[in-house]
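Shared chain: chain A. Partners: chain B in the first complex, chain C in the second.
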Partner chain A sequence: MSFKAPDLSIKQIYDEVMTTVLGPRPKMATLLLMIILAAIVLHGVFQFFRQSFVGLGVTGLTMPVYWGIYIATFVFWIGVAHAGALISAILRITGAEWKSSITRIAEVITLFTLPAAASFPFIHMGRPGLFYYLIPYPNNRLIWPNFKSPLMWDFFAISTYFIGSVLFLYVTLIPDLGTARPNMKGWRKTLYTILSFGWRGTAEEWKRVKEAAALFSVLILPVVISVHTIVSWDFAMQLVPGWHSEVFGPYFFVGALYSGVAAVFTVMTLLKWRCGFKDLITPIHYDMLGRVFLALGLAWAYLFFNDFLPGYYSNEPDKMAYFRYLAFSHPYSVLFWLMFLTNFVLPIACLSFKGFRMSTVPMFLLSIGVNVGMYIERVLIVFCGTQVYNPLARNVTVYVPSFTEISIVAATFAGVTLGYMLFIRAFPILPIWELAETKIRQTVREIAGKKVYYFKSGE
Partner chain B sequence: MKNLEGEHNQNSDSVHSKETKPCYGMVIDLRRCIGCHACSVACKAENKVPLSVFRSWVKITERGAFPNARRYFLPLLCNHCEHPICVINCPVKASYKRDDGIVLIDYDKCIGCKYCIASCPYEIRFVNPERRTVEKCTFCAHRIDKGYLPSCVNACPTTARIFGDLNDPDSEVSKLLANNPVQVLKREMGTEPRVFYIGADLFAMKERF
Partner chain C sequence: MGRICAEFAEPDEALAAHRALLDEGIPSQDIEIRSPCPLPEEAIPPHRSHPMRMRNWVRFFWICGAIGGFALAAGSQLDFKIFTGGHPLVSLPIDVIIVYECAMLTGLITTLTFFFIETRRYRKMCPPREEDLPVAEGHVALVVESEEAERAAGILRQRGARSVATLAFLVLFLLAFPGCTVRMRTQPVIKSTAREGVAQPRGTVTMPGLDERKHLYGTVLGYAIPEQVRELDKKDVIVPTAVMRMKNPVPYSARSVQRGREIFGELCVLCHGVKGKGDGPVADEFQPIPADLTDPVTQQKVDGELFWRITIGPSSMPSFYDRLTAEDRFHLVNFIRSLTRK
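Let's turn to the complex of A and B:
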């Protein structure tokens, strides 16, 4: 079954997408959920200030593990944030017609997960008030960042990526804001008027938006690749045996895309269920994105084995000690094999079947499973690298995240969800103009009695 | 090194620095070490190290079965490496290496990102829970600058720890290095430590305890 545009008129597409914005007031259950999420966020903020006031003693961080769940969650969120730019950019470049329903869903994930990720290095700091020492601005205190440090590269990579992906999201949002502006009332009218930047829909403006979108898709790709490679270099550049791996750059990158696509599936399914995009998000989308998911799963598995096999074959002592620690020691072996199951065995087995790819509920469950697996993978890399590492360690305490750490991590999860819920109340979550464009460009031709849908390229 | 510990001489100090810069190092003669922890205690007292963390400690391993059993000691402290990974990694240049080879932390600059802790192969760094910055052994730089020996060297009852200028061929450390087989910790890390061990036990260096 090939892809075809939804059987809706452009007016119907507009109405269906705008139901999330202009539809009836949210139900009590939704409001209650939002209040609970806000409470979790506030509790996390409170715990952060408490940690800043009392000191890092409230965390479980101690010798030998000083990079704990904060950094693991940081890497995880960066990974999920890769959903946005990659899916939009690559699908735009390759001209996949089915992308229209997915691009903005993915970009908004980046919009919220990237700040969640970027907050962790600050939360993790002993003296978060001094974070501005990382910013290279001339000052009279002789403070200048060390550009040899991978942490500094992180700082630049993440800020570049955040600015780039926000602009990317915004540029493709402008036509929708301009189109929807006349139908808006109250605060939305003001918001849309300001944000639509005087959009009138002239040919010149369309040309510019399309050029900007095409340009961003190309420019953001190297940024996407570099960001997660640099995050992996935080680890790979160190001599810690579990971290010091040449394959970490591509391994982290592919892992990031893998968890990103999984996150898109989760959000997409929730939107389909809760917001009623039944005609716009169809099993075809699941199938198509499912193929991308499968390819990424295979790539992840390839790099995962590539990380361990050379060390195993040559019986490299440090790497083998790390592997044995992961696979057979008590606290971590359960997590390791769970990750192996949810990241490798289940996805590869299930996604190979088209019937599975096209069914909503199993894909939803699988996407959550993969992200649980990816979270565990981050946790194992960050904790176990230093936990197993050193024969000279004074202390062999097994690191367990404290209540403070868990509540701050939970706060970012709640914050991302809450941000997403608010975003879909304020802005159209599917790009109306891209859906309409796909619809307009579609033509039907009968070949041997079968209807074939294809898409004219054209302006 | 003539200026250390009471033999301070104004002239020798200035003349010496003109010839070659000092490069401080330590030799730990484990043939003499009795595992008394006096160095750990002296370090804590001298540097006001808080509870639960140590700048210097003695790792103790036991091997064999009675009657062929023995304890092995391995005093650990910052190695003040020639190529310190921690200094390369510090994002705000709080960790730095002095001209005389001592690796120090500027506590005013440290933001507590703990990257140096994660990268140090010797697990010598820790977060000072009171100051919230990273801390480690300084070779008692404040004492050296005044011409005294580091506190742990001062306290060692069997003179197992010998501190001195590696560039001065007449110093005791240079003589010990010239006349004895020595080991360093984790040579494979390429950090070129300046703390040398005489008679260090392979298993004490490798084994977890």
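Let's turn to the complex of A and C:
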């Protein structure tokens, strides 16, 4: 079955998308959920301040493990943040028509997960107040940042990606804000009027928006690749056996896309469940994105084995010790094999079947499983390297995250969810103009008694 | 001259009406089409358009960003050298990362900026009016501004327009952006010459000051001379005679000089410079300036006095009493001797 644009007029598309914004007030259950999420966030903030005043001793970090779940969660959120760029940029460049229902869902994931990620190096610092030392500006200390530090590269890469993805989201949001503006009331009217910058929807303005979107796609793609590669260099540039791996750049990048697509599935299904969109998000979207998911899963599996195989064949003692620790030590080997199951065995086996790809609930559960697996993978990578590589052998403690660490990590998860819920209430979560454009460009032709849908080029 | 606005429910109807208006001889630059989504460009003749130059500007600023990133990374490494083993390092592969990210960032910001500039240039040609809201609820509108607006209204009604309205002329206010000011110069500054004034920031660590060094004075020599301690913050302190009689227990050798060079490369080089000329990267920050170690005035001092000065840290130089062993301090003395001895 080929992809077919939704069988709705532009007005119907507009009405269906705007139900999330203009629909009835949220139910009590939703409000209660939001209050709970806000409480978790506030508790995390409280724990962060407590950690700042008491010191990093409240975390479980001690020799030899000095990078714990803070850094693991940082890597994880950066990975999930790759969803936006993948869906918007890659699918836009390749001209995939089915992308239009998914683009903004993915971009908004980036909007909230990137700040969540960027907060972790800050939280992990011993003296967070001196964060501004990273920012290169002419200062009275006459000291410039040390560009030889991977922390500096992270700072540059993440801030570039964040600015880029926010601008990208904004440019593609302008036309929808303009379209929706006359129907808005109250604070939304003011907000939409300011943000839409006098949008009128003339042909010339459309030309400019499409030009800007094309340029953004082309520019943001290399940035995305660089971001997670640079994050992987935080590990790979060090001489710790589990970390010092040449394949970490592509391995982290593919892993990031993998978890990003999984996150899109999760959010897509939740939106479909809570907000309707039954004509706009269809099983065909699941099928199409599921193919991308399968390809990324295979690529991830290849690089995962590639990380271990050279060490295995050369029987490199340090690498083998690392692998033995991962796979057979108690208690973390359980996590390792769980990751192996949810990231490799289950996705590859299930996603090969079209029937599975097109069914909503199993795909939702699988996407959650993949992201749990990716989180475990990051945690294991971050602390097992230093846990095993302990040349001084003076410390036999096993790293266990403390309550402070867990509550701060939980706060970011709650914060991302809460932010997403508020965004849905404030702005259209599906791009009306892209859906309508797909609809207009679709042409039907009858070939050998069958209806074939194809799309005229947008350029 | 009249101005009318006709709304259509479907884009196809609007495009057909647009074609009909052109067939009836209404010039294309008088008809503006407004839609909630991009319409096929080949169906709409240009409405007072001008060529877009966004791509070229993005290319240009991308290169500017790359140059700026290189200037930032390489410049800061040249300006504030990191010394390893006495040698400054400028690392090009690392510069590439910064160059790359800066270029991309500039490219992305330029894209948004020129999106606004290009749209604004177009809007200057067709100034917006107060009633120029975007068309609501996914409708497509044709706006005709022409001498023959009445005739156009008739044609549009015939083609099934939902509503045809005559619009009045009004002028829109211009957007004004609040200005930004740079306040970097007016914030509190610790002048290198000021001894007091700005309070010590919270959370910083103090260097051993004069009070601590008074105690050292006694430790090093075995006795303290109160009136001389007062002289410690001057450059030419009165040197106790016990120091003048002190002998260097570490013999001058290539190994000793090498050890001294290693320590010098880590601790001393920032102020005294690679060659010991007192011209390190932060030398200008001090008053009095760091001593030129190759100067005859320094070289004429006996080993004991040099050792004593390193230990106690006269003037703005820090004390190395608890950071270097006595042996290491004598290695440094030997290294200072090697600066002029060839």
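Here, the second predicted complex is superposed on the first by the 455 of 459 C-alpha atoms of A that agree within 3 Å, B and C clash if a C-alpha of one lies under 4 Å from a C-alpha of the other, contacts with A are read in each partner's own complex, and residues count from 1 in each chain.
Everything below uses one rule, namely that contacts are C-beta pairs under 8 Å (C-beta built on N, C-alpha and C of every residue); 3 or more make two chains touch, one makes a residue touch a chain.
Since the model is a prediction, treat every value here as computed from it, not as a measurement.
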Combined model on chain A where chain B meets chain C, clash or fit: clash
Which of chain B and chain C A:Ile163 touches, first, second, both or neither: second
First (chain B), second (chain C), both or neither touched by A:Glu204: second
Which superposed partner A:Ile135 touches (first chain B, second chain C, both, neither): neither
First (chain B), second (chain C), both or neither touched by A:Ala38: neither
Chain B versus chain C as contact partner of A:Gly57, first or second or both or neither: first
Greater residue coverage of chain A in the superposed arrangement, chain B or chain C: C
First (chain B), second (chain C), both or neither touched by A:Lys148: both
Touched partner set for A:Ile13, first chain B, second chain C, both or neither: second
Chain B versus chain C as contact partner of A:Glu437, first or second or both or neither: second
Partner chain(s) touched by A:Met125 [first = chain B, second = chain C, both, neither]: first
Region of chain B that runs into chain C when the structures are aligned on their shared chain, from 60-68, 96-104 or 186-194: 96-104
Overlapping contact positions on chain A, where the chain C interface meets the chain B interface: 127, 143-146, 148, 152
Partner chain A, residues of chain B touching it in the complex: 52-54, 57, 59, 74, 76, 85, 88-93, 109-115, 117-119, 121-123, 126-127, 129-130, 132-134, 185-186, 189-190, 205-209
Residues of chain A touching chain C in the complex: 9-11, 13-15, 127, 129, 136-138, 140, 142-148, 152-153, 156-157, 159-160, 163-164, 167-168, 170-171, 175, 178-179, 181-183, 196-212, 215-216, 219-220, 222-223, 226, 230, 432-437, 440-441, 456, 458
Residues of chain C that touch chain A when the two form their complex: 9-11, 32-41, 44, 46-49, 52, 54-55, 58, 72-73, 75-77, 79-80, 82, 89, 91, 94-95, 97-98, 100-102, 104-105, 107-109, 111-112, 114-116, 118-119, 122-123, 126, 128, 132-139, 172, 175, 184, 187, 189-190, 203, 282, 285
For the chain A and chain B complex, residues of the former touching the latter: 55-57, 61-64, 66-67, 121, 124-128, 130-131, 133-134, 143-146, 148-152, 155, 234, 237-240, 386, 389-394, 396
